[in-house]
Every structure is written in C-alpha cells, then in structure tokens.
Amino acid sequence: MIFEKDKFKDECGVFAIYNHNHASAHTALGLHALQHRGQEAAGIVTYQDGKFYSEKGKGHVGDIFSDEKVIDKLPGKFAIGHNRYSTSGETNLRNVQPIFAEFEFGGFALSHNGNLTNAKTLRKNLIKQGCIFQSTLDTEIIIHLMATSRHHEVVDRFIDSLRQVEGAYSLVALCNESIIGVRDPHGVRPLVLGKIENESWILASETCALDIIGASYIRDIEPGEMVVLQNNTIQSIRPFQKKISKFCIFEYIYFARPDSFVDGKSVYEARKKIGSVLALESHINADLVIPVPDSGVPAAIGYSKESKIPYELGIIRNHYVGRTFIEPGDKIRHLGVKLKHNANQYLVKNKKVILVDDSIVRGTTSKKIVEMVRNAGAKEVHLRIASPPTTHSCFYGVDTPDRKELIAANNDTEKIRKEINVDSLAFISINGLYRAMGLEYTEKESFYCDACFTGNYAITLTDILGGDTSKQLSLLSESNK
Amino acid sequence: MIFEKDKFKDECGVFAIYNHNHASAHTALGLHALQHRGQEAAGIVTYQDGKFYSEKGKGHVGDIFSDEKVIDKLPGKFAIGHNRYSTSGETNLRNVQPIFAEFEFGGFALSHNGNLTNAKTLRKNLIKQGCIFQSTLDTEIIIHLMATSRHHEVVDRFIDSLRQVEGAYSLVALCNESIIGVRDPHGVRPLVLGKIENESWILASETCALDIIGASYIRDIEPGEMVVLQNNTIQSIRPFQKKISKFCIFEYIYFARPDSFVDGKSVYEARKKIGSVLALESHINADLVIPVPDSGVPAAIGYSKESKIPYELGIIRNHYVGRTFIEPGDKIRHLGVKLKHNANQYLVKNKKVILVDDSIVRGTTSKKIVEMVRNAGAKEVHLRIASPPTTHSCFYGVDTPDRKELIAANNDTEKIRKEINVDSLAFISINGLYRAMGLEYTEKESFYCDACFTGNYAITLTDILGGDTSKQLSLLSESNK
Amino acid sequence: MIFEKDKFKDECGVFAIYNHNHASAHTALGLHALQHRGQEAAGIVTYQDGKFYSEKGKGHVGDIFSDEKVIDKLPGKFAIGHNRYSTSGETNLRNVQPIFAEFEFGGFALSHNGNLTNAKTLRKNLIKQGCIFQSTLDTEIIIHLMATSRHHEVVDRFIDSLRQVEGAYSLVALCNESIIGVRDPHGVRPLVLGKIENESWILASETCALDIIGASYIRDIEPGEMVVLQNNTIQSIRPFQKKISKFCIFEYIYFARPDSFVDGKSVYEARKKIGSVLALESHINADLVIPVPDSGVPAAIGYSKESKIPYELGIIRNHYVGRTFIEPGDKIRHLGVKLKHNANQYLVKNKKVILVDDSIVRGTTSKKIVEMVRNAGAKEVHLRIASPPTTHSCFYGVDTPDRKELIAANNDTEKIRKEINVDSLAFISINGLYRAMGLEYTEKESFYCDACFTGNYAITLTDILGGDTSKQLSLLSESNK
Amino acid sequence: MIFEKDKFKDECGVFAIYNHNHASAHTALGLHALQHRGQEAAGIVTYQDGKFYSEKGKGHVGDIFSDEKVIDKLPGKFAIGHNRYSTSGETNLRNVQPIFAEFEFGGFALSHNGNLTNAKTLRKNLIKQGCIFQSTLDTEIIIHLMATSRHHEVVDRFIDSLRQVEGAYSLVALCNESIIGVRDPHGVRPLVLGKIENESWILASETCALDIIGASYIRDIEPGEMVVLQNNTIQSIRPFQKKISKFCIFEYIYFARPDSFVDGKSVYEARKKIGSVLALESHINADLVIPVPDSGVPAAIGYSKESKIPYELGIIRNHYVGRTFIEPGDKIRHLGVKLKHNANQYLVKNKKVILVDDSIVRGTTSKKIVEMVRNAGAKEVHLRIASPPTTHSCFYGVDTPDRKELIAANNDTEKIRKEINVDSLAFISINGLYRAMGLEYTEKESFYCDACFTGNYAITLTDILGGDTSKQLSLLSESNK
C-alpha cells in the first residue's frame, strides 16, 4: 500500500488484437500482463458481425475477465482493451475505457494511455457547440472531435481529431474489422507491435503483453506513426509534422515491467546500468547492498556488481495484502510499511548497509523503511536513488503529486538526507542517467522526456498556461525556487 | 497458482498474546505476518470478563480482520489466533480454528499447527464413549480427551490429554486469563516466545510475527516444553518424557519466511548456505544464475556467491493474480506459469543458465518453467535444487501429495532430468544439506526430521501402521522401490 | 414472478422535491412508495452550491438508498429521482435515470416516465449532426435537443426540445436550484403536485409518494402543463398547443397503487366500480368470489358487493420470494405459480368459484391459476376480468408483449375460455369500463387512452409508421384481424 | 419490519421426505412454503449410500436453496430440513439446523420446532459428564442424551433421550434410510403427515408444505406419537405416558398460514369464525371494516360478514421492502409503518372505521397504524383484536417479549385504548375464542395451550422454576399484578 502510494503512477495500459479466434481471451491476458500500468479498472470491447460488445469492471483484470462467462460475452476476432489507473477520485464506471461511440458511419471504440494538455480548452468549445459529455475523460474529446469532423472516412476523422489535440498519447482504436494504433508526435508513451500465428497482429503498451500470449515482438510504433490494420494488411501513416522524440525516461526507471522492451530497449538492462553508474557516482564503503523491493532490485544488482559489495535480501516482502489494517495503539509505528515488508534482522544487525531504491517522491515511505532497517540493528544506512531528484509534476499521463508535495522540489539533498535520516544519500545525476542509457545529456535537445527531473516540458501545456510555451518554462522554474 | 500447487504446503500458523490492550489487533497482524503458513481461513478468539469472543472467516487475514468493526467484536487483553491451510477439501467454517469448547470449569480455545498420527484411533474410541464431534479436525480430539479427563485443573487436563496423542504439534491455548503454549516432545513444528512492552508475552510460529508488532524475540519454546502464562508470570513445565529433537528441516528449505528465525536459526542464512553447498557439490560452467521466484532467491544468491556466476532476475514475477483465467486455444501452453511469471528474454537469449529452485515435488511446474526459459532463447538450462529428492510423504502436519505423485519417489535423477528437459539436474545431497546446517548427517541419530527425504519416520504412525514402528519403516521403504 | 410476468409493465416512477432540508432522503422514500412502477434500478440526483450529486444502482430502492452513507453522498435541498423498469434487456447502469448533462449554462438532470414515439427518427438526425449518445434511452434525445437549441435560458431550451418530441411523457428536471415538471400535451402519464411544510414542493407520479413523506396533495399537473419551481415560487406555463386529454386508463386498471389518486381519481374506487359493472355485465351463480392476489382484490370486492356472492381469500400469497427454484421432476407442474400462491382447499373444495383478475395478457398464468384452483377441488371455475380484452401493444411507455403474444389479439373469448379451461369467461366491455369511470364511451372522442383495448392510437407513431397517422390506424387494425 | 416486530414469532418450520427421487428439491420447496415460520436461516440434510450431505445458510430459503448447484450437492432420496427463527441474537451458522452428529452406529440429523423447558438443567449435567456442545441450541441436548444412552438401536436411543426432556417439540430426524417424526406428549407444535406418489411420505409443520409439492394430506401426527419411516413402511409408536392435548391456539390466531390445516382444522376458517364471534361480542356502528394487513384479513372478513359492515382495503401494503431507511427529520413520524403501509385516504376520510388485527403485543405498531388512519381523515377509529389480551410469555417455542413489555400484562383495556388512542377497543374473550373453535372454555381442562392469555402453563418450566409447578403458576400470576 504505502510503498505504491509514494511512487509516481502510470495511468494506463492498452492492448489490441487483430483477427484472432480468441481475441477477447488474449486481450484479457495481455491486460493481465500490463496490470502494473493500472489497477483501478479494466475494459474490453470486441466486434463481430456488425455489433460491438463491451465488458468493464472495477478491480484487477484477473477478477473481471477470468470468468469464462464474461469472455463468452465478448465474441469476435477483433478486440481492444484498457487498464486504468485513475488520477481523479472518480471511480465511476463511466470513466472506464475503452470508451465507445456510435457515429453515423458505425461504432468506434478507443483506449488511451497518456494525457491531453489542451483538453479543458477543447472541451469548453465542444460544449458550447452543443456536445454532451458522458465522462470526465480527456479521451472523450477525441471522440467528439471525430463526431463533428467534416471528413467521411473514419481514419480521416480520427486524424482530423488528433491534429487538434496536444499532449501525450498512445491510442488503440477498434472500428468494425479495423484496428488502429497511434503514438503522439513526440512518442511520449510506449506502443509496440507484435504478431501471433499467421495474420494476427497485436498492439500493446509493453512487450510483456506479447510474451504472455506467445506473440513475437516485431517493432515499436514510431513517434507520430499511425498503423491501420485492415483487410489483413498493415498500413503505416504519418499524419503529423515530424517532432523530436521525447519518450518518457521514467518508463525505464519505474513504470515498465523489467522483462519488457519499450522504445527498443530492455528495461531490466537499463535499470541495471543505472545502478552501475549510480555506484560509480556515489561510492561508499559498506557491508551490504539491499534493494527496496521490488522496484529497486535491478538497480541494486547493478550497484552490487559495480561496487563489489554483496547483494542481499535485507528487506523481505509479504505478498499477502488485504484491506487496510487498523493501527493498534501507539507502539506500532509505520504499520503501513510493516504490512508489506520486514527487515531481515540477521543480515542487517551491526552492518553498514546501502539501500537502493528507484526514486523518491514525497519521501514518506523512504523514511519509514530507513527506520525499520535501523530498528533491525543496522549500524549505518546509506540510501542510493536510481533516478535524479523528482522536482516537477508530469502532465503527460503520469499521476504525480503537486509540486509542493515533492520533497526534492522543495529541499536540497542534504535536507532530504536529514529528513529521511540516512547517513548518506545520493541520487544519480541527470548526466549519469543519460550515460546509463548510452547517450550524452544536452538540455536543449535531450532525447527523452525528462521534465519531472528538469522542468523541461517539451509539449505545450495549453490548459495550464494558455499555450504560451516561453511563459511555461519560466513559470514552472519560477515555482521551483 | 501453479507454482504453489507443486510445493509442499505448511498447514498452519499460530499466534497468542498475553495481557495486551490491543490483543486482537496484534493477533490479526501476527497472523498476517504468518499468512504464508496457511491461506485458506483464519480465526481469532479473545477473552474478557468471563466471556470468550470468536471471529473466523475464509480467505486471507487482511480480508477477514482488517475491518475495525471485526476487531471491536474481539475485546480483551488475551487472544489466540490461527491461520489454516486445509489438506482436506473441507472448506467448512466448522474446521476453522481456534476451536473452542465450554467445559465445566469454563471455556477453552485451542490453535494447532501439526498433525496427530493416532487421531483416527483415538476418535473412534471417543465416539464409542458418547462423544459428539463437531469438526473433522484432529485438534478436536485433544479437547474431548480434556473433557473426559478425571483431573480438575485445566493445565492437568491438557497434559493428560496430550500424553495420549502422538504426532507433531505446536499448540497455543486460551483459558480465561491464561495462555498456554506447547511443542510436542520431538519439537517438529516451530514455536517462539516474544515480549512486547512490559508484561505482554507472545507465542508465534515464527519470529516474523514478532517483528510486525515490534515485539522482541526471547527464545524458542523447547521440544516437549509447555509454558503457562498466568497471573503475570511465565511458568515452564516439562510434562513429557524426553525424546530426541526432530525439528522439520523443510521449514528451513521452504516453509518459513526468510526473515524469520526458527529453532534458533536464521532461515535466510540457512538457505544461502544450502545454495553455497549446492554450488560446491554440483558445479557447472554457465553465464547466469537465475532464481525461480520467490522461494529460490536466497539459495540462488548463495549459489552465485560460491560459484562466482552472476545472479540475475531471469524470471520476472507478476504480482497481480486473480481467479483462474481460461486457456484460449491450443497455442497458449503453460498459461498457469505465464500468469505469474515471464522469462526475461534480453537476459537469457543465447545464454547458459542455471535455475535454482528450493524443491521439486511433482515436477510439473519445473517442466513448464524450463520450457518458458528455453522459449525465451536460453542455449542451455541447468537446474539446481536446494533440497534432496523428496521421496516420502509427510504425516506431521505438512500437506504432501501421495508418494506415487512424487516424481523423485519413482524416478532417479537422470529420469527426472529427461522429464523436466534440462541439460543437467542436481539436488543437494542429504549430507550436504546437514553440512549447510552446520552438522554431520548420521542416519541413526539425525538432528532434524528429514523423513520426506529419507523415509526415516521418527514418530509412530499409529493410524497408518497400527503403531508397529519396525513395520512402519520397512513398509514405507518397500513402497519406495 | 410468474404472475408479474404476465402483466403489462409500467416503465417508470418519477419524483422531485424542491427546497427541503432532507431532499435526498425524502426522494428515496418517494421512490420506495413508487417502487411498483419500476423495480429494475433507481437513481437520485441532487444539487448544492454549484455541484450536482448522483447515486444510482440496480435493484430496489430500499437496497440502494436505505444506507445513510448513500444519502450523505447526496447533499442539497433540491433532488429528483427515478424508478426504472427496463423494457429492453439492457441492464447497463448507463441507462439508469436521472440522466445528467453538463451544458454551457450548467448541469441539467432529467427523469422520464413515458415513451417517445419519434425517438429513432430524431436520434438518427442528431447523430448525423455529430451528437454522441451515451445511452440507449429516449430521454437522452431531449437532452441533445436542448444542447443544440439556439435559445439561451434553460426553460426555453427545454420547451424548444419538447416541441420536437412526440409521445408520452411526464418529466421532472433539476437545474441548479430549479425544479421543472411537465406532462405531454395529451397527459398520458400521471404527475401530481404536493406540498410539505412551508415552501417545499413535490412532484410525483402518484399520490402514494406524497403520503409516505407526509406531504399534502395539491393537484394534478395538467396535460401540456409545465411547472417551474424557482426562487420559492411556482410558475405554470403552457408551452404546447392544446390537445385532447388521453390519460392512460390502464393506470386505473393495474399500474397505479390502489391508495393513489391519479388524474384526480381514487384508483381503489375506480377498481371497485369496475368490479361492480363487471358483476352486472356478466352475472353468474356461484358460491364464492375469489380475487387473484393482489391486483384483483379491489375489483373482487366490488364484484362481491354487487353480486352478493361472498368474498373469500381462496388463493393465499406467499410473500417470501427468492431466486428461481428448479423444477424437481415431472410431478410438480406450474411451480412458478405455486412459489407465490396456494389455493385454499378448505374454501374451494366442491364450490362454484368466481375468480376476479384485473387483466389477461398472454393467458399463461391464468391457465395455471385455474388449474391450481381446480386441483384444490373447485366444482366450477368462472373467470371475470376487470378490463376489456387487451388486443394491442402500447407505445406510450408501457412494456407490452408483441401483438402476436397477446392472447386476446388472436383469439375470441370462447377460444380463450377453452385455452384457460374455465367454465365461463367474461371481460368487462369497453362501454362498461367507461361507465365505471363515470363516462360514456365514444370511439371518436374517448376521454382516456384506451389503445391497448381499441387500437385507437391518439399520438402519432412516427418511428413505426413514418408519421402517417391515417396509415397508422388502418395498419394496426389490419394486423388485428 | 415494524409490523412483524410487534408480533409473537414462531420459531421454526420442519420438513422431512422419505424415499423420493427429488428429496432435496422437494424439501427446499416445502421449507419455502413454511418460510413464515422462520426467516433467519435454513438448512437441509440428505442421505445417500452411507454418506450425509448438509447445506445451510442464513436468509430466505429461496436465496439459499434455489440454485441448482446447491441442490446437486444434496443427493439422495431421504431428506430433512429446517427453517429457523432465532430468539437469541446468535446468528452463528453453528446454530442453524438440522443439527448432525456422528454416532457409533452412524450419522443422525435432527430438526426441531419447539423449546425444551429443562434444557439448561440437562445441559449442565451433560457438560459435567464431559460432553462438548457445539451450539447453543436446545436441540443439541437431545443428541448428547442419545450419544450417552445405553441403548443400541437408534430409535431406542431417541426415545430414551426424549423421555428425559421436557417442553414442546415437533421433531423430524434422518438416520441413514430412516425418517423419524415425533410430537411431544402434549402436542404443542404441529406436525402433519402427507404422501406423494406411491411410497414417498412427507412430514411437515403445516399442510401448505404438502400443497406446494402436490402431496396429499394424510393426517396429523398425534400428541406423543412417534412415526418411523423405514423399509418402505410406516410404523407408529407411543413411547410416552399419555398426557392431555395442549395444541398452541396461537397457531390459529397468527402463526400458521391461512391456507394450512393444523391439528385437523382449517386456519382460515378458524380466523374467520374468530372474527364473527368478535363482531358479536363487541358490536359497534361504523362505516367500514378494515383489516390490518395481512394477518388481520381473515378475521376482518368474518367480522364484516357478521356485522354487515362493508369490508374495505383501507390500508394498502407495499410489498417492496429493503433494508431500513433512515428517518429524515422530525416531520416524518412512524416511518417504519409507512414503509410498508399506507392508509387509503379516499376510503377512510370522514368515516367511522373498525380496524381488525390478530393480536397486540407491545402496542407500538397499533398506535402508529391508528395515527396513520387518523391522519388520513378517519372520523372515528375502533380497534378489534382477534385474540384475548396477551398477558404472559411463551416458553414453548415462541419468541415473545418479556412480560414487562407486553402491554396487556401491565394495563387494562381502557388504559391500552388510551395509549393506542382509539375510540373503542375490544379483544375477543377467552370464552369467545374457544367458542369460535367449537369448544367451551374451562380453565382446568382447556383443550389448547392458551398460556399466553391465561398464564396456565401446562408443561413444567424446570429451568425457570426448578420444576415446582405449583410455585410456577403462582409466581407467574404474581408477576402479572
């Protein structure tokens, strides 16, 4: 609980399958593999013989779609699905994707990973024109823009709509026997293409969703690319002006599953290399390298290899988690952490330990983990973070707290060290991070979206700043002081 | 799912707390920490002002006892609890412990980890005398023997009863404001004593249940020892003839949590040492050491250190598990494994890999894991098992399949290797296992209960063999041919 | 179950309350009193300080809204509610009313009892214009027509929208601190106005919803009248051309609760008079008059008084009904009927009995009831129906089966008598029915909507017949032959 | 809710079926027909091929047993069932009958309607002997007495046990392929014998349970009679000394369903006659006779016939009842009554009305009903009660409040009249009640158990009074002053 609470949250996973006899069952499995991208709700829409079928629910994929009866309600060879992590408090089923609309030309279902940055502005205009919104989702704006487009063909309407939106998106759409996939011009969110058996194509947020159904990874959809799966062919369209690539570097740090490839790289390998560079940048003598489970594990392995300090499971995770327990009395502190973790006293007692975690958001959990390790008898506790300080909020599809809650937005490293109560604290540098990815960091032309570390927001934030990008950067860095 | 299915199962976790203002909440937390010992059901009984309070439910502790309303129904400063793993198919609430009985002298609640080996025989006699059983639990026999005892004091009745039963047991009992804990004369199952704050004592199956509530570990209850917590004192009684110690060695191999101490040893350290000895006994050249998650992790770390072959997360675990998914079509094989695990293709492709697992029971899961790793592109797959071949069933409180289902009971290592389809297969030897525990193995006087590896059943199996121990050993080894 | 299954179904109950401190709780109570008008789902929308609050659920009002927590989620002094009976199979929460839309000028919530007869035609046009529908409800059309209206004020937009729709409707709407109520120009569905305490007004389908909250009945909203409750005043508007009144006569026969007044008449009194006229029209000698419970009770009392034949409870109702039982073996016939009813053998044995029911739809249940009474030993069974033969479907908000399933659409009385297996069968005549209501029946200018008995559809059926009313009548009577 | 709350409660319904292919499904239907005798929980036990099968649940029969899967878990041609109304607050599944015990000779299942008056005394002794009770049910005492009996045959043990218990009971038992039914020597609770098809016998609390499955009523089991259904024969045994018959007269007044025969009489007919006698005894001029639904209906029909005052439905019942609604504000009084009932204003306005109800317990509901009728405009309200004042608690299987809560135990009729606020109030006299049953009342030798009206407790109340019957009567009448 607590641990996840102090992480950035990915907002969605998407999946689509074209021309497969078990389309809905495979979609359910793909969504299960993408469960880490969104645990609040999930939905699947399929198409067969002129009709669309939709099933949605709150909770985990395995609870919603494992029942054969539910799968039987989703016939057809064409399906798209969606895992939702909700940023707002609205747990309404209306906001569960895929969203669906009946157009003049037929039905259209859409799954979205990302966030539109001019959503409020567009929404206001559409309401003025007489559009009635059924949800509070950004994604619905795309649908209304399609409905009021003067184009006739669905692909043209879709492109017409997307040219008006700004922000980050990887989308999969289902329109009768066609599947469409598209990444925004900057390619902020991931989307991979896979194939299974002869003529069945898959689109998914990460390759782990291909692995679970035995599909092969073909390639990533490129930034600004739209693929149309139709009549047993795959067509690639480039509907947007070319823009610089800005893949979210946090996918490598925390969001994606370590066994996935995204944007062409192994996530596990990236994390291990980050751990190595971190060890080089912030060496310290210690007895043990201990990962904060589970997200700190690959970086800790890299750190241990580089530093030659033994890797040990100094914090054990309890996999059984139910609803929230009550806190019985004053003597039990940090119950949230203890419900899921326990320090291995045998290992840490009287030892100098290095804890490796992927990131610090508010710092609240780190503080509790450190206290737990100290209570278990550690002599020294050193914390190493496999990302630079997270100083800015994300507006591109990641749920981040307000800047004022980000500990690193308001404190320097020494202050954070004191707050968390460690003997030493080090973050990897932004340069080190890029080096771990095999690149050199240059502020002007950085290859990834690193706005959460640098405040360098590459995509206009119309809703927030009225589209004035120059204002945007200064304002945001202003607020950083 | 599948993974757990091919493991031995522990049958229970017990917890008791004496004289604490938050007795029921602490018991719930202790049971949560012991969740790995039994996930089918759980129960808590408390005592206050002449009345006993009981709450039981099926499912995980966090689902049954996290609600404040449930805790409020369990007032009092004295509590015992129980986690149940059911061996029989009976999911009846009647069989959920603690069991409770109203005696002439008052109420008595009992939680049991273990198994009685003369239960059927005793039960038959008791029914003949007019006893009416309310459950199919062995544990109820202890209660009826107490009810029909001629002694007056509850402790005397309890001892009288226990002297008539055979088998393995760690028991905690609640009788008004007294808590009683006892281990069978051979000390097969674990039971530790802890203390929190001034005068509040705890009994629990493992030390991880002490850690979660911030209690200190005092010592293990000894084989054949009974402790009585009463009038704010702790009294130790030795009601049985002294017998040789026979602590279950499988607790170190798989059952106990790695952060626990049981029978005075760190489980994590034991596992790592087993991994080291395994590496020495069965060295092979390879590129990677990969744990089968999560139970293979500590042994894999030990193996890697000893062999200098790098430790890597070659198999990733998906923590989100719901109900069983359907298998969609022939092309998806081993879905059960894939729902929980995925091979990390980047790592294993074209590599010689050593997989480290804690044990092989039927071999079915190992086979699927190996196939998954091979499909991910591994050049060679070598399997190393951190326990000797499991050739015999357990009758002392562990749920094991019939001997005919144990792959090692019916096949030699080479046959198993072929069946599982690995390039090499090695188990740690029984001598190596004892060495890892710091002892020399001698068949006649082995320090642990190792019957599942050796057929050396130290405690009489009255129900099965009519109590003829000589017959017992020969018969069981007979069936082993 | 079975009994209800062979009845016409009302489709909805509506309720609104203006300016009351317990608006949502009173709405829940009002909906509970109107539960007979729709049992599939219910919803409430309230308004407070610029925000709308909505809670909906499937099932009975008492299950959805009796929890204080739910009521607490519905703050504010202005509320509308809705009980839904679903005609289509769609049990989707999307189709649960009140529906809500965010307009440029603010939010607007709407509850509808009735059915629009040009819905399909309007819907098609709206989709062509780029409107996206969120439900399959007719009611949503009104909302979209409002959204695309060129008027500015909400009341003007509402009127603009209603002028384009045809069909039957009683509507209540909530727009910030205003409540609007309106009946269609023919006044097919009921809507009453009540008052509670000083300045709190209520709109409801029937007066029984006023009684439960202790409100006084003021008057019926008139056909074609719109009332606007705003700024603590009530304003009456006549936005439509005057049309002849066509209140649904079936409300008196079956739909409304016997303790209600609708369209200014006591339902109980109407039913009793129908029973009296029926007795006069179809006298027969018998020993007992027995109501088919519960809908036949008032007519049976009237019949008994007129005929002087004693009224007796010859059929007893079992109020406990759960899910459907299985039929165990061939010997149990008509289990559906028996789950809810039993003939009182003592009474009916060797007697000539007159059964009084309100209507016959398919005839299936009547047949089973008659068999049950015969099996209990009745010597003769005579059936008297307190409505004329139902020969036509309703398109004005009542769920009726296809004409081909209406037994009276396809068979004369003698054929029905044989099918149902009674000694004699009589329906009240259409003239008799009007006489019971205190009027003379004239086909041309009948005072009520009696289309289900006469095929005399007063409101255009655009969706079905393209709006050609002349064609409409002939076509429909055609199909009647 | 509220209405039921102010009634005496029957405590159970029992059902048994011998040698039928659909034994469990028929038992479920029988229990459904007997649902009015107990709504808290229900259970069924069946026997087939040496094994017993048991399914129990809380709630209504239709919710527990309508599912085919549950019925499939209850194979066999021999079944008994039980409906439970709980007197204590214990909603534990342990207390749901039939209870089951494993004896030396095999299994034995038992369903009980009634109450043992020496239960506590016997229980204390049994616990002293080492018996362990699994429930707080009286019924379990019978089982333990059987277990410790020195007889060998099950019927002998059963008789041996019953000879030691005092109180009221109608029991059905299942022992392998035998069914046993027995009524206590006074025959306080009903038990009827029925037959279906060739050789299949049924035992049930009331005949309505025979009707639902199409079985014929054969006869009542007689007071003190035991019937044994075995080897396709029915055997009648008289194991007890003959005692005077004391059938519970309240079964006719309220408990039994009006379509049932119990103790050889039609319940409906009895109630009508009580209404007639009541009309004769307490005539008053009025405009309408109105039943308090539903239990007052037959008596009101009888009253109306005798008095010639028209019978009308002046109070309408809402059949939809969910969980408890909250009371919104001070202005809504008597919400409990209003959730279920509404006065028919049209009828009662300015009328002199006679309300007929079956009984008054605390008087709370009557008061609210009267107020509701007055608020609807009644000019005068006269209340007529179809039973004498209930002045004493029942100890023979009926849940009655403490004497101090019985309004008639502490107030004379005039005081009650004032409290309930009616213009006149009359109860039928005890003589009138017997006359309605066709008998003369004589205090010494009254034919029925009428203790709740007279304090004439025919069966010893050992637990309460230590078995001193002389003391018993005086004490009880003492407390009556």
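General observations
By letter and in written order, the chains are A, B, C and D; residue numbering begins at 1 in each of them.
By definition in this document, contacts are C-beta pairs under 8 Å (C-beta built on N, C-alpha and C of every residue); 3 or more make two chains touch, one makes a residue touch a chain.
A quick note: this is a predicted structure, and the numbers were derived from the prediction, not measured.
Looking at the partners of subunit B and subunit D together, they share no chain. Centroid distances from subunit D, each centroid being the mean of CA atoms, peak for A. If you average the CA atoms of subunit C and of subunit D, the two centres end up 38 Å from each other.
Spacing of subunit B relative to subunit C, judged by their CA centroids, is 63 angstrom. Separating the CA-averaged centres of subunit A and subunit C is a span of 51 Å. Those residues of subunit C in touch with two or more other chains do not exist in this structure.
Pairwise chain contacts present here: A-B, A-C, B-D, C-D [touch as defined]. Contacts from subunit D toward subunit C in the complex involve residues 21-22, 25-26, 28-29, 32-33, 35-36, 39, 60-68, 71, 196-197, 208, 211-214, 257-259, 261, 266, 268-269, 294, 297-298, 301, 305, 310-313, 316, 318-326, 328-329, 331-333, 335, 338-339, 342-347, 375-376. Only residues 93-94, 101-104, 127-128, 130-134, 143-144, 147-148 of subunit B touch subunit D when the two sit together in their complex.
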